[in-house]
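Chains: A, B, C, D, E and F, in written order; residue numbering restarts at 1 for each.
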Amino acid sequence: MVETVQRRKIEILVDAPLVRRVVALAEAAGITGYTLLPTLGGAGHGGRWSDDQVAGADAKLMFVTITNDAKARALTDALAPLLQSHGFLLVSGVVDVVRAEKF
Amino acid sequence: MTGGFEALLSPMILFFVLGAAAAFARSDLSIPEAMAKGMSLYLMAAIGLKGGVQVAESGFTPDMAAAALAGLALSFLIPLPAFFALRRFGRLDTVNAAAVAAHYGSVSVVTFVTGAEVLTSGGLPPAGYMVAVLALMETPAIVVGLWLARRGAAAGTQAKGDLLHETLLNGSVVLLVGSFAIGLVAGKDGFAPIAPVFDVAFRGVLCLFLLDMGLVAARRLREARALTARLAGLAVLFPLVNGTIGVAIAALIGLDVGTAAAFGILAASASYIAVPAAMRLALPQADPGLYLAMSLAVTFPFNITVGIPLFAFLASRMI
Amino acid sequence: MTGGFEALLSPMILFFVLGAAAAFARSDLSIPEAMAKGMSLYLMAAIGLKGGVQVAESGFTPDMAAAALAGLALSFLIPLPAFFALRRFGRLDTVNAAAVAAHYGSVSVVTFVTGAEVLTSGGLPPAGYMVAVLALMETPAIVVGLWLARRGAAAGTQAKGDLLHETLLNGSVVLLVGSFAIGLVAGKDGFAPIAPVFDVAFRGVLCLFLLDMGLVAARRLREARALTARLAGLAVLFPLVNGTIGVAIAALIGLDVGTAAAFGILAASASYIAVPAAMRLALPQADPGLYLAMSLAVTFPFNITVGIPLFAFLASRMI
Amino acid sequence: MVETVQRRKIEILVDAPLVRRVVALAEAAGITGYTLLPTLGGAGHGGRWSDDQVAGADAKLMFVTITNDAKARALTDALAPLLQSHGFLLVSGVVDVVRAEKF
Amino acid sequence: MVETVQRRKIEILVDAPLVRRVVALAEAAGITGYTLLPTLGGAGHGGRWSDDQVAGADAKLMFVTITNDAKARALTDALAPLLQSHGFLLVSGVVDVVRAEKF
Amino acid sequence: MTGGFEALLSPMILFFVLGAAAAFARSDLSIPEAMAKGMSLYLMAAIGLKGGVQVAESGFTPDMAAAALAGLALSFLIPLPAFFALRRFGRLDTVNAAAVAAHYGSVSVVTFVTGAEVLTSGGLPPAGYMVAVLALMETPAIVVGLWLARRGAAAGTQAKGDLLHETLLNGSVVLLVGSFAIGLVAGKDGFAPIAPVFDVAFRGVLCLFLLDMGLVAARRLREARALTARLAGLAVLFPLVNGTIGVAIAALIGLDVGTAAAFGILAASASYIAVPAAMRLALPQADPGLYLAMSLAVTFPFNITVGIPLFAFLASRMI
């Protein structure tokens, strides 16, 4: 039976033009592994949106990273002030991973 | 050229109307985003190439320099009165007013392309160098918009280099300018073997793209919560005023009718690709729902249906 | 027109066979979904436009009214015997039998398009108004199918308005009808500049689309758990019977050979776009794996390879 | 250090034509924020599927919402009777969010 | 109020050509239900990647399954030796589901 | 044919350069993946069809058999010296050296296609059967590469059937061979109605595809951590040596200049579709970042810009 350890999974919904900035903040927090997922649309206080690929500012991506508590905290603290103004959505939760040293 | 308004019954415009009607009726008709993006890239490459080939034929002319300077000046200046109108009459805060103003100083490639097709089929093709003028007009307004925003308040910490980079190397600008250069190098003979794709197919693809633009614009209008009646009014007034000024300036510097009409169309048009992308990066506090609603959901349809024939008519009167 | 069967060696059909063979051999060949959707939209826009242009040329004729009425009648009536065959012989429950029956009353755009190309290259082009008949036949069967389903049991709480809306404003219906109208308005002259895309390129794009349809149909057949031998038999019998009836009616009302064959092809074809979408909404308990296996994985390939030449042959004999 | 609170993340796998209905049920439960993610395919009791974009009834989307326990419960209760007949898949879990008032 | 039970959600990031193999291992572990999600790109020890659809070996998919603890363990054990060599990423967590018998 | 180097100013190559420049400048220009995949499928279908039609015209010739045998032999043999160079000079471990070696024994469809266009516009069209040779050369190198990898170490438990299957039925191989067969059956007359899409539009689409390839290759080069100077050197040396050998063999077996140049281009090219997919499955321990950096980010651009005109020149000298 393989051993598992607990890590944090952070998911951030971010506008496509701002992804580079989130990646930079993650790297500053010591996070080097992440995966980007596509999205189709959604709704929130800013109304509905759907990715039409025509307008230059309307696609959103999901930035996902698995990391340890300390780095997760560092990234969350770095992003918190931007959440409101940049329209980011940040969610985190506990997950089990196999290769502890990787995260 | 009263014939400009007949263009309203051309398939291009009718496909735009079909898309808008479908979206208003809440049909589930939709174009896959990858296809929309692909068509948009194709249109930019095609118009860049064709412009370059035409300039390779005609050579550089004094007209061209005059049009380029006038275009640059308009892109720098239009945001200023627009900003004040948006602040006073539109009741926007500084940041949002600055962001919107930048859109109107910049230009819309598809508005230009549709206008050029309408003018060409009316026997008044604009000069090939107008593609270069289009490219020149894309970015100055962004600089002015940001300056307007910063005056008001410390606008946060932007990576300046990042922004300049994003603006000058925005994919659409690079593709347009690059294709123009390729057209210049290739000339008429080099273009011939690829003309079936980039010239002959152009208008058909534009029809499908305008179908999508109709869908996108109308859906956005329906969802536009931030759009007040005052702002919608400005989104119609801006193209009217800017386009008329554009045609007048073009007449003054001695451009021919088709080219002057195209110049007016550029002045009237508002960006919805390069500027929103730059604003999202540089002024993330500004509301994209607002500036896209104005430029894409009001001004774009207005220009496609009313603006283009109107500026063609004005140009034929003034020149 | 014994030549109908020669069409089996045309590139269009061969690409369909290539796709099916690749899927059966479990090749990983696949067409990006966005491209498949894009080609499907293109084909609908193109056929709508071409039909509209042809009707603009020929004007409205009594033939057209007769064909439209006959088409409407078939779409309303075909689901009834189909329903009973599916209940009795096919051993389906009420809801599933009703859902499947609706598919056979409705029509498949791509089957029609392929048939029209085969007929045209055999020198028997169907009348342009058949596109309008096609559009008319898409939805009545849905109404009948739902009525059949509701008779059996209280079918849950559907938002009726929602459904009517979804059905009448289904993207494919809107695009087909809208393009037909644009073709009518534009006429031959308005169509000329976009003909390179919507006419000249048509058959080549159809080849690539049929390649995808071959892949999709064969993959679906391989995964179709719900498909019994009895149901597969019905999925072959339905097009045979409906198509023969279609050709006979067309002969009776005096259509020409090509148009009658196309009418038979419409009657024989089964929907896999508009009806499944409506059924998923209105009869969510019905199994999409079942109705799509029958219409897309059995009836569609049967019509493409056997049905089209067969109804062409029947029409040439009956008229 | 930013404060985080616990909320519920609900993920619902839903057929494309039925998304409108799920959104309506969510709004009835008081949920106004959601994001839609694309899917490619899958397998279940109904066999395998993959989104071919050709057939009109075979694309599925992932509807994701972060909300509080009460609204999560309301939405789950509203959807439960439909899960079987409509072939939905509903999963929920605990996550940490930053701006509590937003959810 | 509908009853919910706890199950495990396993997410595996896997190269497109290897998806068949993961599906086979899942089936061997008794898992028959799963969903595949698309990804756009990411970064890890192997550097950055983004799905360009041109190279034949560079697209990754997210394989997601909800299952009970025993099967989750079986799948994790089967995959553990492949994680490093095949460049997989495996994450699992606890979720609440409605129809217990389904998973 | 010194004119080969003039081809560097053709729009095709310039679009490739534009893409690479945009990526190096970190522009956000990007082609939707679905569009890139779609264009790649289109190019394979088109070249298969055209090759088949040409062979249907010319019939089977002894030349063709000779070229096929020579191509097969090269695909089997090239990996052996490449493997040793990668081990010794490149300092790779057995598994990675074997994986990379397989790429160089196999071929790149787009390199071939671009070369064929350049040769054709220089008045030296390669023979149609070269498409069949291309298809034959895709897979043997994979077998040799795996054999090399297994010699060194027990390479884990592969499902052998799985792999053979994946390799022989790789989507690109199936589409190429299938389209070639369709072209053979259809012949010139059957091809005529679809020629507007598969022939006339070919070069324009290739321009857009090479734009994407420029972006992809340059981005990959920028991210390529695993690429040492030695390996980059080998990625230039391999095409030089293999291409020269290819041209020489083609001259020996008596092929004409255009066909010999195309043969050299095939030998020089490295796979980036079928082989990486097979390697990911069969040798998952090998680093895809490494073999794709070499074949796609170094060898491909080298062949497009230097290799093609060089081998054209060599062929014109040797024959």
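By our rule, a contact is a pair of C-beta atoms (placed from the backbone, for glycine too) under 8 Å apart; a residue touches a chain by one contact, two chains touch by 3 or more.
Since this is a predicted model, take the numbers as computed values, not measurements.
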- Task: Just tell me the minimum hop count from chain D to chain F, counting one hop per pair of touching chains.
- Result: 2
- Message: With centres defined by CA atoms only, which chain is the most remote from chain D?
- Response: F
- So the chain most remote from chain E by C-alpha centre is B
- Same vs different contact residues, chain C with chain F, by half of numbers used: different
- Note on the structure: chain A and chain D have mean C-alpha positions lying a whole-number Å distance apart equal to 19
- Message: Report the inter-centroid distance (CA atoms only) between chain B and chain D in whole Å.
- Response: 38
- Query: Of all the residues in chain D, which ones touch at least 2 other chains?
  - Reply: 17, 37-38, 50, 53, 93
- Task: Please list all residues of chain B that touch 2 or more other chains.
- Result: 28, 32-35, 37, 166, 170, 172, 196, 201, 277
- Task: Please categorise the chain-chain contact pattern as a line, ring, star, complete graph or other.
- Result: other
- So, with touch as defined above, which chain pairs make the list? A-B, A-D, A-E, B-C, B-F, C-D, C-F, D-E, E-F
- Sort out for me which residues of chain A touch chain E in the complex. 1-2, 4, 9, 23, 32-38, 61, 66, 93-99, 102
- Could you please specify the touching residues of chain A with respect to chain B in the complex? 15, 17-18, 20-21, 46-58, 82, 85-87
- Message: Under the definition above, what is the set of chain E residues touching chain A in their complex?
- Response: 13, 37-45, 50, 60, 62, 73, 76-77, 80, 83-84, 89-93
- Message: Using the touch definition from the top, list the residues of chain B that touch chain C in their complex.
- Response: 9-11, 14-15, 18, 21-22, 25-35, 121, 196, 200-201, 203-205, 207-208, 211
- chain D partner contacts - residues on chain C that touch it in the complex: 33-34, 36-37, 40, 156, 159, 162, 166, 170, 172, 212-213, 216, 219-220, 223-226, 271-277, 279-281, 284-285, 287-289, 292, 296
